[in-house]
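Got some structures for you, see below.
Consider the two complexes below, in which chain A is the common component and chain B and chain C are the respective partners.
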Partner chain A sequence: MDNVTTSTAPRGQRQRIASPGSRPSALLLALVCVIAVAVLVPVGFVASVVAQVGWPTLAPLIFRPKVGELLVNSVLLVVIGVPLCVTIGVGGAWLVERTILPGRRLWAVLLAAPLAVPAFVSSYGWVSAVPSLGGLSGGLLVATLAYFPLVYLPAAATIRRLDPSLEETARSLGHGSWGVFFTVVLPQLRLAIWGGGLVVALHLLSEYGAFALIRFDTFTTAIVVQYQSTFAGPAASALGVVLAMICLVLLVLEASTRGHARYAKVGSGSGRPGMRLPLGPFAPVAVAALGVLVMLSLGVPLASLGRWLIAGGAAAWSQPELGTAVVQTMLLAGGGAAAAIAVAMPVAWLAVRHPGRIARTLEGATYVSSSLPAIIVALALVTVTLRTVPALYQTTWTVVFAYVIIFMPRALVSLRSGLAQAPIALEEAARALGRSPMVARMHVTLPLILPAIGAGAALVGLGAANELTATLLLAPNGTRTLATQFWSASSAVAYANAAPYAVLLILLAAPAVAILFTQSRKRERG
Partner chain B sequence: MRILPSTILLTAAATSVVLALSGCAGSAGTTSSSPAAIDSLDGSSLTVYNAQHEELTQEWADEFSAETGVTITLRNGSDSELGNQIIAEGAASPADVFLTENSPAMSLVDNAGLFADLDSDVLDQVPDAYKPSTGTWTGIAARSTVVVYNPALISEAELPASLEDLADPAWKGRWAASPSGADFQAIVSAMLELKGADATSEWLTAMKANSVEYKGNSTVMKAVNAGEIPMGVIYHYYWYIDQAGTKENSANTALHYLKNQDPGAFVSVSGGGVLGSSKNQAAAQAFVKFITSKTGQSILQTGTSFEYPVASDVTPNPALPALDTLDAPVVDPATLNSTKVTDLMTEAGIL
Partner chain C sequence: MTSLTIEQISKDLGGLPVLRAVSLSLEAGSRLAVVGASGSGKSTLLRLIAGFDRPDSGSVRIDDSLVSDDAVFVPAHRRGIGYVAQDGALFPHLTVAQNIHFGLRGRQRRGHEADAAAELVGLDVRLLKRYPHELSGGQQQRVALARALAPGPRILLLDEPFSALDSGLRNQTRHAVVEAVERTGTTTVLVTHDQAEALSFGQQIAVISGGRIDQAGSPIQVFQNPSSPQTADFLGDAIFVPCQVQGTIAESALGRLHVAYDHRAGGGEARALLRPTQLSLDLNPDRTNAVIVRSSFSGSTVRLDLRLTGPGAPTDSVLTFDLMTAHPDGYAVGTAVALSAAGAVGVYSLAH
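Right, the complex of A and B next:
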């Protein structure tokens, strides 16, 4: 979900907001530098593993058949999974936004809703319905159904914003509906497709729970197994180095596809919604296809969950750990949300108010670390805190720091667009009326960006509530969260005991998905 | 793309921070253990690194807390993970007590010299067969290796006579295990001890080709029960727990004991020990003493764990065959080597 909205954020707003040539204060710059270096610790960890463990030790741990198998699995997962998600996401978005689809308002919600079911809960639903599910095909099935909304949401948002005049021009030049879609609509979705595709790819590479439940081995599951066999040993780190490299290559690839084309409407006249195509005889086909999709992505997991809820009955709800888990999840997730907002604020401020090369670099640096799977962030923080700051080892601080690294883009994206929409002129007016800069910010800008802060905090908090691997590795002794409790019950095949945790996880995730959904629909007026 | 060089620069900065800081990693102060009076345990607290089943240790902890007023916090994980974690933490480890499912992780910590000697009144409760000669830790429970099979897919006569038979290509795709778990790794450590490194390495290579990997013994049993695979190598109690409950994951299965002192008849000793770095020596010793006492061992006899008691002359749950009828190989728990096992399994491409 991390960068789900980045790709749809309107470009070109910066110029309007920043006073040209304004230089950031040394303090702000120093602060953001410190933040950038701090969040890069996991990347530094990967580099230092190579430096410290040394190539002679790492090489045999990297160049072995098992790593080859993992590489094949992970690469196939991305190479097949991402296009599947893109096809389903874009196809669904186009049907919902651009055709006269019966019940399209309902479909719009249903296609985003799978995001509220954490992938490992969905996998649990699938594996208890189809016990033989496993391997690449099982992994692809579960992951595609869980992650296609990450493409659907930005694609739908972009389609809503498209200037229909381009399509009308193409039509007037004799293109049919399919021709218009492939030559005019699809190219304009490039940002949403590559951006959403990157997010899906990073999710596929960092997913642990969903694949561990169905016996599908990827780098992330193998790192966890090595961790469980050796703690933070060299073999785990060696796998981590390879996985980190794959993620960074993807990040660079995506950045290089963005290009310089402009898609925004320039000139006079205002945008208007595009024309909807009649589906004619294809309407039942489209409805049936979407129906099957929703059945598979929501129906199967929720039906399984319902079955286990009934099987577990009241006893499953009287597990003594349930209450503790709810409280600890809220506290950890709340702490993570607050910290992520606090850390993202100076970065967003620098990026919006003082755009330039330095701001871009520092902001980019924060995205690099969050593209790393949580297991690597966790390994890095276990090692660094244990060796260097034992006072922070196994403390809430470290868990919260991990959440900041992993989920910072969610906060950053919200804050950035919030700040961009808060005109600096209002602040300047307050200062002209004699307010000090700080007071002007507190009284004028802060209230304007409160909704953005709220949305960012909700997205981070709910991501943190679903987080599994970093929480398992870093949490203080005795910590129980909904995700870790669900995990220990479901991996012991105590499916009925896991069900209440799954329900609570879904209930907690629902508001975040609602926020994402509304955000993606608001943009059309932006 | 212009930002890439600067990002690398920043990363380099972060790297040097990590490197510089890890250079000055140091001794975080040695701890002194002050012998405290046993009556004054009330109000003290213990951190237990627990690789045993959470429910079982929770039962022990609850009962012990009720008796003594000691608060117990569990950190749950797997044998090797927590063992290696204690070693990485060294003298700064927050752990007071370490409990495992299998003994190799105990030896790991013992070889690093991190255990305190157990009090003699703890050791006196446990027969020699279930404690190492070093006296630094003790057995707290035991479990037997079994073959769980689905009679609809394989008849009793067709079952293997030895774990070693499973290396034969005839068994390809016909048996399952959970090699990522500490349980199976303990079975491999017994094979390593009994048959040597070369034979074990060969066997693991064959296993990589022949076996189907699942995550967790329960999942293996569930797959055998569902008819996905004819048989699996697991520990006995997963089957007995399910049989005592809903039989949901074992109704279609039966157990086969390999006996004959085969590596596949290995009885694994779960261990408990007190960390030398613990600042709560008295309470920690008292907890291990409690676990090996009649009350603690009776929880194994009457509770839901179906593991074998090993101390204080407590007999196992009546549903279980007696330990001495299992004809297990004689293995000194102190000699089992977990690091060598994970290395061999990593080499074989299983991990």
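Right, the complex of A and C next:
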């Protein structure tokens, strides 16, 4: 769910949110620089592997048949999986938001709901129902069903915000329903499609559990296998470099297609909801298609889970590790959430209150690192802690730091939109009424951004609770989280024992999805 | 009662000069309106008085205490100012009463200060328990004013507080503000881009453009004797008639005009400034001096374009003005008319 930018910052509002002409304080700039450098550690790690290990050592490790196979698998996964997710996501969003679809409120929720089932839980459901599932087709099936909501949510949010007068104008110029969709609606969804597509691609490349369960090899699964046999040796690093390069190429690609396009509403006016199209005889077809989609993405995984819950009975719930896992997950995830908010706050403050090239660059740096798969972040932190501060290796601090790097965009996006709704004029009004600048912030800005802080912390914490790879590599020995416990049970084919953890993981993920869902449906003010 | 003195204030923003050596002074208890187009520097001036920003040079004094110069800078929260922003800047998480209480300390809060402040600005006390988003725009601005006045500020600063309101509400709210500051005797500075608002607001008006004060004085004085044609045009409909000046007499196509103010400088042709109210039109004259070339009806007025035809009139010059008339028909294009002017004029040199 990383990078799902459902920002609800008000557009075209007259209120000032940036301080004109006033420069950020040296302290703030220095702090954000330190943060940017710290979260760039994984990128530095990749660069230093190339520089230190050297090409002669890396080349034979990279150019071998096994890597070629992984490359083909990963590339096919992205090349086929992303368009599938985009088609399903945009199609679903259009049906829900712009047609007279029976039960559209329910569909709106059901299409976002698969996000609450972690991909590795959904894969567990599928593989225990269809044990022969595997290979590229199995990987595509499981991943597409798990990740299409990453396109659906931003696409639906954008469609809701489209200015209907553009479509009305297109109609008045003689375009029919299909013409309007392809000439007016779809082009305006470009940013949502590319952005959502990038997020899906990054998820496909960094997913471990879902593919390992169905024995489908990608770079990420191979790195974990390599790591378990040779630790942080050059072989794992070499694979990591290739994977990181693919991710960075995708980032650059997305940024360049984005260009300077801005599809903001020009002029002000009341944001009317768009018109809906009658489906006529196609209504049963649309409902059936969505029904099959929901059956496959939610029905199959949840049905298998139910079967294993019944099979495991009370015994599965009395595993002694269950209680420990709940407590440790809450502590680690809570620590990650608090740390991510603390680190994201100065960055968001600089970006919103002092926008400019410096702010953009520093903020961008934090996004680059978060785009790298968790396995790279984990490898980097293992190497860096062992080389510089061995005392930090496999400590809670390192795990929390990894969570901050991986999940910072979630905190940043929430805080940014929160700060954007706390205009600077309010702080000025408080200062004119006798409050010092710091006190004015505490009394006026803080209460206004509390909801954003809460949402950001929840998104980070819930993501961290479901995190598998970095936790497996970085957590102190003996750490048991829900995700790692689920993983060790399900990879040992103890499916019944894994079921209670899966239920808890879904319960933990659900509120985060609810937050994303409501954020994406908020109408803009003004 | 508090006076305000600003001396030689300059401020650059992003490398561009926004204010250049601005000086103004304001007597205790009086009202000043600073009027200028957008980008003229008027809001920056207000922010420097408030203490939100620091001037690059120059000084600000409130009464005899220096609050800003090269060495001293008193921050906004220690200046004892009241400030009303364009959109009111009400705290959305606080009720109206809590908003008004925000600037009050300790014992004051327990009293009836909120009620008193609400009454002062003509706000229904039943609204005190509501939240800002439950109020209309005009009510929000009254709350912002009550909040600013409640702590008894030394100086009240108003940053285009009426511009977000529609015209009827704007006048009503402006009257409420003038009444409230008159009753409390608070020294007040208003910045606005609306000349009618500026002229009607205070005892003093200052016209600002390009970061400089073009002219300051009483509203009537500044309106009747603007120091430049630009200021004249900015403050209201201005009609410039070509003329020849000899002593205190200006000869023009409209006849002889008495020159009250002579602002000619350097070369350029002389032009006499006339306001529409000074002009009258005769549709059935003995001698005509103008012909109607365009006529558009807009309710209580008819906008006319006239070409002067009298002796010495340049053939290319067209005058435009709005005529108030009870008989809007009869002003057809092509009608020859007699245009005459009453009252004294100012003359300027226009470079062409």
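Methods note: the second predicted complex is superposed on the first by the 510 of 526 C-alpha atoms of A that agree within 3 Å, B and C clash if a C-alpha of one lies under 4 Å from a C-alpha of the other, contacts with A are read in each partner's own complex, and residues count from 1 in each chain.
In this text, contacts are C-beta pairs under 8 Å (C-beta built on N, C-alpha and C of every residue); 3 or more make two chains touch, one makes a residue touch a chain.
Worth saying up front: this structure is predicted, and the values here are computed from it rather than measured.
A.B. asks: For A:A432, select first, second, both or neither according to whether it touches chain B, chain C, the two together, or no partner.
C.D. replies: A:A432: touches chain C, not chain B.
A.B. asks: Name the contact category of A:A288: first (chain B only), second (chain C only), both, or neither.
C.D. replies: neither
A.B. asks: Could you tell me if A:V368 is touching chain B, chain C, both of them or neither one (first, second, both, neither)?
C.D. replies: first
A.B. asks: After superposition on the shared chain, which partner residues are touched by A:G233: those of chain B (first), chain C (second), both, or neither?
C.D. replies: A:G233 contacts chain B only, not chain C.
A.B. asks: Specify the partner with more touching residues on chain A, choosing between chain B and chain C.
C.D. replies: In the superposed model, B touches more residues of chain A.
A.B. asks: Have a look at where A:P131 lands relative to chain B and chain C in the superposition and call it first, second, both or neither.
C.D. replies: Once the two structures are laid over each other on A, A:P131 reaches chain B alone.
A.B. asks: Touching residues of chain A toward chain C in the complex: what are they?
C.D. replies: 14-15, 20-22, 423, 425-426, 428-437, 440, 444, 447-448
A.B. asks: With touch defined as at the start, can you tell me which chain B residues reach chain A in the complex?
C.D. replies: Where chain B meets chain A, its residues are 1-4, 6-7, 10-19, 21-22, 24-25, 28, 47, 54, 73-78, 80-85, 87-89, 92, 94, 180, 182, 185, 213-216, 218-219, 222-223, 226, 228, 249, 339, 342, 345-347, 349-351.
A.B. asks: Please name which positions on chain A make contact with chain B in the complex.
C.D. replies: Residues 36-38, 40-41, 43-45, 47-48, 51-52, 61, 64-66, 69, 131-132, 212-213, 215, 222, 225-233, 235, 252, 255-256, 357, 360-362, 364-365, 368, 380, 383-384, 386-390, 393-394, 477-478, 488, 491-493 of chain A touch chain B in their complex.
A.B. asks: Within the complex, which stretch of chain C touches chain A?
C.D. replies: It comes out as residues 13-14, 50-53, 75-78, 80-83, 85-87, 89-93, 102-103, 105, 144, 147-148, 151, 157, 164.
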